[in-house]
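Have a look at the structure that comes next, please.
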Amino acid sequence: WNGDFFPNISNIQYEGPSSRNPLAYHWYNAEEEILGKKMKDWLRFSVAFWHTFRGDGGDPFGSPTKTWPWEDGSNSVQMAMTRMKANFEFLKKLGVERWCFHDRDIAPEGATLEETNRNLDTIISLAKELQLGTSIRPLWGTAQLFKHPRYMHGAATSPDIKVYAYAAAQVKKAMEVTHELGGENYVFWGGREGYQSLLNTDLKKELDHMATFLQSAASWKKKLGFNGTLLLEPKPQEPTKHQYDWDAATTIGFLQNYGLKDEFKLNVECNHATLSGHSCHHELETARINGMLGNIDANTGDPQTGWDTDQFLTDVTEATLIMLSVVKNGGLAPGGFNFDAKLRRESVDVEDLFIAHISGMDALARGLRNAAALLQDGVLTKLVEERYASFDSSLGTSIEAGEVGFEELEVKAFEWGEPTLSSGKQELAERILQSFT
Amino acid sequence: WNGDFFPNISNIQYEGPSSRNPLAYHWYNAEEEILGKKMKDWLRFSVAFWHTFRGDGGDPFGSPTKTWPWEDGSNSVQMAMTRMKANFEFLKKLGVERWCFHDRDIAPEGATLEETNRNLDTIISLAKELQLGTSIRPLWGTAQLFKHPRYMHGAATSPDIKVYAYAAAQVKKAMEVTHELGGENYVFWGGREGYQSLLNTDLKKELDHMATFLQSAASWKKKLGFNGTLLLEPKPQEPTKHQYDWDAATTIGFLQNYGLKDEFKLNVECNHATLSGHSCHHELETARINGMLGNIDANTGDPQTGWDTDQFLTDVTEATLIMLSVVKNGGLAPGGFNFDAKLRRESVDVEDLFIAHISGMDALARGLRNAAALLQDGVLTKLVEERYASFDSSLGTSIEAGEVGFEELEVKAFEWGEPTLSSGKQELAERILQSFT
Amino acid sequence: WNGDFFPNISNIQYEGPSSRNPLAYHWYNAEEEILGKKMKDWLRFSVAFWHTFRGDGGDPFGSPTKTWPWEDGSNSVQMAMTRMKANFEFLKKLGVERWCFHDRDIAPEGATLEETNRNLDTIISLAKELQLGTSIRPLWGTAQLFKHPRYMHGAATSPDIKVYAYAAAQVKKAMEVTHELGGENYVFWGGREGYQSLLNTDLKKELDHMATFLQSAASWKKKLGFNGTLLLEPKPQEPTKHQYDWDAATTIGFLQNYGLKDEFKLNVECNHATLSGHSCHHELETARINGMLGNIDANTGDPQTGWDTDQFLTDVTEATLIMLSVVKNGGLAPGGFNFDAKLRRESVDVEDLFIAHISGMDALARGLRNAAALLQDGVLTKLVEERYASFDSSLGTSIEAGEVGFEELEVKAFEWGEPTLSSGKQELAERILQSFT
Amino acid sequence: WNGDFFPNISNIQYEGPSSRNPLAYHWYNAEEEILGKKMKDWLRFSVAFWHTFRGDGGDPFGSPTKTWPWEDGSNSVQMAMTRMKANFEFLKKLGVERWCFHDRDIAPEGATLEETNRNLDTIISLAKELQLGTSIRPLWGTAQLFKHPRYMHGAATSPDIKVYAYAAAQVKKAMEVTHELGGENYVFWGGREGYQSLLNTDLKKELDHMATFLQSAASWKKKLGFNGTLLLEPKPQEPTKHQYDWDAATTIGFLQNYGLKDEFKLNVECNHATLSGHSCHHELETARINGMLGNIDANTGDPQTGWDTDQFLTDVTEATLIMLSVVKNGGLAPGGFNFDAKLRRESVDVEDLFIAHISGMDALARGLRNAAALLQDGVLTKLVEERYASFDSSLGTSIEAGEVGFEELEVKAFEWGEPTLSSGKQELAERILQSFT
């Protein structure tokens, strides 16, 4: 089987770490078990339709560069159907069973919302057909609420009530089609929910509207019978100067403030993490300890640039830290790893699409192997536990239960005198990590 | 009256905008009324004892540079008493009625906690005596929980239970002495409550401990009969790689998560705001719309440096934005503006201490005048209101009340068709601001 | 005269600082003399054709938003002619006599280079005609070497010799038409002269090629008889991960290294300055003291964002610092201030184009007034001179002449003993600046 | 042999990659040959005396935390002698033959410069004695021109002529003692050669003074008969707001501008690189292609913090990129890798000093192995060469020789027509790198 779109690329095989073949997996072996679960079940990889099939290489200073052989230069429904077929062939050749989409990536906007919905229905029918006999399903769907000019002031946070209503109608439909395809999650990415200037913005009103909108989404989910997870995706900036879902802590706080915490989880993106001034590991851990880690948008940024570069994550140390969080979380299901990552503008060979995904998958696969080994070894875990051992006492337990006030503690402080200093052992912890990467 | 410490500096007078005298106020006229309130009541300025009387000009690459004439090179109780007298003379000459302190700035650490407490009591007695017949009072007190090696792993978040207890005893005492002096607020600054590396840190446990500690502080406040406001001060980094009270949103979310939101407000520092990737105005507005704006640490950072430079805020535009938030907040009382700002290391003249504070006060005073004029003019306010006018409808009201679901909104979206685009008028808003600065 | 394009906007008039009319100048009074020169001769304002007439509001996440009434949705030569007429009407109504362009902004790319050149000739003819009887001339022209996919790897630094040749042909023509219109300068903006990854880049070869290309441009200038200034524009990043003309110091060093320093000056852009980690004032001063300050791209960035936002500079303090450099430079002629600044994506009213430029012009006009007053006052200048007074000695002169070695200096050091410390007086300097803004 | 200072630490041995012993080398095998040279000769490791023996854990918010058993709390000459012995024992146990120092780290400042020089002579005598029978020598020495208040405005760039002279005398002596100990290089680190504010600074004068000072150093070197390399160390910020030796390109440009390029090379520090907005690899390559790569200060920063954290570099990918530059440079000799890196403030065990250095050495050793394998494999090298192959033509050669003008190139452009696009293959390059790390 050569396929219709990638005739020169065979199904990608696992060849092991000694392979130098860039079109083979060196570390990802889908069916191999790690810590009692198959690699493919830990990793639940997903291809992002928008980057892989709609990314054209355009940037703020340049026109599109990609001219994939299957593209005819149009944005017709016919073209959309062809692309969807390419998507399924790509998934099969990679050996990946999940994909993610925005409604408007997969089907063109029509002259009216009605027409747009019909276009979408056409593509969804095709996707259902292509799914038949495969285990390919959407990891999640979402609505594109940022590209069309109508959303220039935001969607749920637009000052225009008509835009708010339009966005509601669009999300309603996007949730329906995600559900129809058997999608396991539905994502809200902030898009233009943020501000360009506080001078012309009513901050409180916009946050209130965003909460109301999300509440309606949660209600609609139930009515629709969709059992997937609703996910919010933090991002600090871009396209707006300041996005409302700045980072994990801000987003969790927002959800809690508006009584929405039980209805949503987070979709953490590594490049968004670093743009917000945190490590990706920090954002994952913040989500995890709050029980809110639902999905990962697997990518990386350039540490020296201040915008979202959405590069494939290829660094092993970074991947190991990510997988430490994921393993501690017991995996991500029903979420997974969506490659929200794109080829560089200058990469214009079809082959590059494969190489990029393979690198990203191998990095996380190797990270999983490292994390498993590190956790099984147990030395690092023990180092951490021992640092806090003094709280494993009856007084410690009482303190943690909120039963000990300042007066009792003062008595103890006088009794104990000056505490002794223990080394934080950060270099040892780094040395241990280094040994496992 | 020449005083004992600043014999060459007279009481600082208001001379009006045309003055070129650097040792006079050009914009701050304490008793003048703006929007129905005296300038001094809007601004409630405070001198930070630590920077002004303990700042020695040392930095990570250099030894102290300041050799104030009243310093004898020691850290004795006697020296501490002298400094406190200098503080009161400084306040009087500036015409400022508030000051802020850490416990360990004003009195030296002794060999034991008991001795340390006695040292503190000695100084507090003196301060009370110096207060007599004046309206000078602490704006707030706080405990220095970061300088001593015992706190190297944090105070409330130290893994060592003895350090936790020691910190509790220290805060208990600091709250007592703040109360004794008639302080109006008590501040918690994160200090070393954060992490240097996630590899050796139990994030959840540390956050839990921090919450328990703050809960105990709130309980102690009631028992003590202290009616002041408890304030948390967000800061993203430094001294740790990642502070827990990262920014306003994170801190508010933390308080809410642990049921502490009603017990605390925020002390927003402008330099901390920009280090966290936000404008100071953003942090103030985030605190304000959540009803959490309690105090401002008035300073500014260098926009090109990645650490806390704690410079005096002298920029008029920035000051105008700050005062817009403060006026909308109805002022800050019982909080105020604490100058958490220091002379540059190379500024070693006593006169520089005055010039720096006068510049900072004049900037905010001019900001207040501008903000008042801008709000009275009303054009900017109207511009914002008109942007959201479409929600001033019965449907808008219902949406905001959470009564309108996606199905009804979809009906409206189909009915309304494509929304029209309105300009965001950001340049006009900036032009209006420009006219008032 | 109402004009064909902006019928509702009259010629913009000077109304003085008390005006609140956003469509009037409050500080810019073209014919008024400051320090012996007319404001318009100090400021030499220029409109950037690309932002004002080709900026469509598109961004990496969104489609265009602007629908100016004169646009027909095409990129035809006819449309290009209409836009050029709009440009001249805009300049006249603003009272600005200069404009800047990229070759491809003003005329569409054809199917071949020959056709593209013909398109350009058509528009140049029209522009010459429109110039007649006016004093409107290009401040500078430049070639757009970054938008077309052929330039995706750079132009002069492309690894493909055909692209290098194509770029040479394009620049040759762009210099010709700039000359034909009486342009006073010609600019090289780095575009994609930089790298996305060092892994696939031969850094030395690319820098060598860039130098060879610029040498050819300098030769062509002479052959062409063009007497304008050639300008390089530093920028650190974007569109590439790392641009070769990183900042002023790097660019000057590059020119010197390749023997090109006498052939070029710099075009300093404020937003590029801050993206490179410097203040705009730093970049201007670095260029100025090297005799390389040729032109200013007047704009500003958002201090919290890591990409080029190209906003109109409206801050008075910043404008004052810029004008201090410009006045010390004796002005910028034959360079000037090009507004390399654009409306926000959400600003879609024709009126916004005017408001934005007026704000930018007023800011710099006010900055000029402040800088003149500050320099005439002389207190700040004197403060600086006095700091270095110890070098105004015969030994100082000898040191500065390179005549004093370490051995003689050691003798003096032993003789003089420990130096005394003088205050750097930074707060006083800031206070003085504050008094003049 | 247990030694006097580290009785519990044996000589560190190579145990190979499978070892989990943190106190053994897993990758660094000093005598093993890689690409025809011993690992120790490629790597030429050096311990930084200041961090390892004078780093006390103090930070801007905290007092010292380290209490090494050999410290008596004083800064006496006797204590300095003890520390020097500890240094030699540390070097021997690590198996490292080089160390670096500031004059004031190793010997205390006296009441006068004469006394200070005598103190220094005492320690130098001891160091010479300790060197006997070993191959331990200084990699380089330098003068500490930033810690003492006299240098608060800079040393060579101080506005005070007495400070300039004092600095000259100090550097003269530091060069002498470096030479006396057989040091192979001498380093100038910017210290406070920079500005805090442009408002009070004469930028041109300060740069001129810095150049004059360095010229005198180069002259003194010759007179002294010192054959080592003089090195400048770029750093963008800290302690000043803006350091003059901002980055490699700025520093090279400065040297060239003042005719000093042949007298100096660069000491590139990775943490300084990233603070200046560049990758470490960029700075190394910039130095290398200019023939200016003389030494590396091996450390790393925290990618999320904006100050110099001086951490030990432990990341393998980063180390591989560094070693690619070093191998292409033919090694660094007579320079080497100085660990300008320190323990975290919270790491207070003597053992931590060893673990940190071992991690840093192992990272670079592994990087060397990877770089050698990558270069021997040749696939990446070939990928780069092929990208530029079109210049390997006679026209390409003529262009590179500066013999082809715009007119000839235009002819070729018309002849060739539209260039075709080739993929930049960045993902493939990253995939290849990934395979070798």
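Going by the order they are written in, the chains are A, B, C and D; count residues from 1 in each one.
The criterion applied here is as follows: a contact is a pair of C-beta atoms (placed from the backbone, for glycine too) under 8 Å apart; a residue touches a chain by one contact, two chains touch by 3 or more.
On a predicted model such as this, the values are computed, not experimentally measured, just so you know.
Interface repeat of A-C: among A-B, A-D or B-D, the matching pair is B-D, sharing over half of the residue-numbered contact pairs. When the C-beta pairs in contact are tallied for B-C and for C-D, the bigger tally goes to C-D.
Between subunit C and subunit D, the centres computed from C-alpha atoms are 36 Å apart. Averaging Cα coordinates per chain places subunit B and subunit C 39 Å apart.
Shown for subunit D are the residues that touch two or more other chains, namely 65, 149, 152-153, 196-197, 237, 242, 277-279, 304, 344, 346, 421-422, 424-426, 430, 433. Put simply, subunit D touches subunit B in their complex at residues 57, 59-65, 146-149, 151-153, 191-192, 196-197, 237-239, 241-242, 275, 302, 304-307, 309, 344-346.
Within the complex, the subunit B residues that touch subunit A are 112-114, 149-150, 152-153, 159-166, 168-173, 196-205, 207-209, 212, 215-217, 219-220, 236-237, 242, 246-247, 249-250, 252-254, 256-257, 276-279, 281-282, 285-286, 289-290, 321, 380, 383-385, 387-388, 390-391, 393, 395-396, 399-400, 402, 404-407, 409-410, 412-414, 416-419, 421-422, 424-426, 429-430, 433.
For subunit D in complex with subunit A, the residues that touch the partner chain are 20, 22, 26, 65, 274, 277-279, 303-304, 312, 314-317, 343-344, 346-349, 352, 355-356, 358-359, 362-363, 377, 379, 421-428, 430-435, 437.
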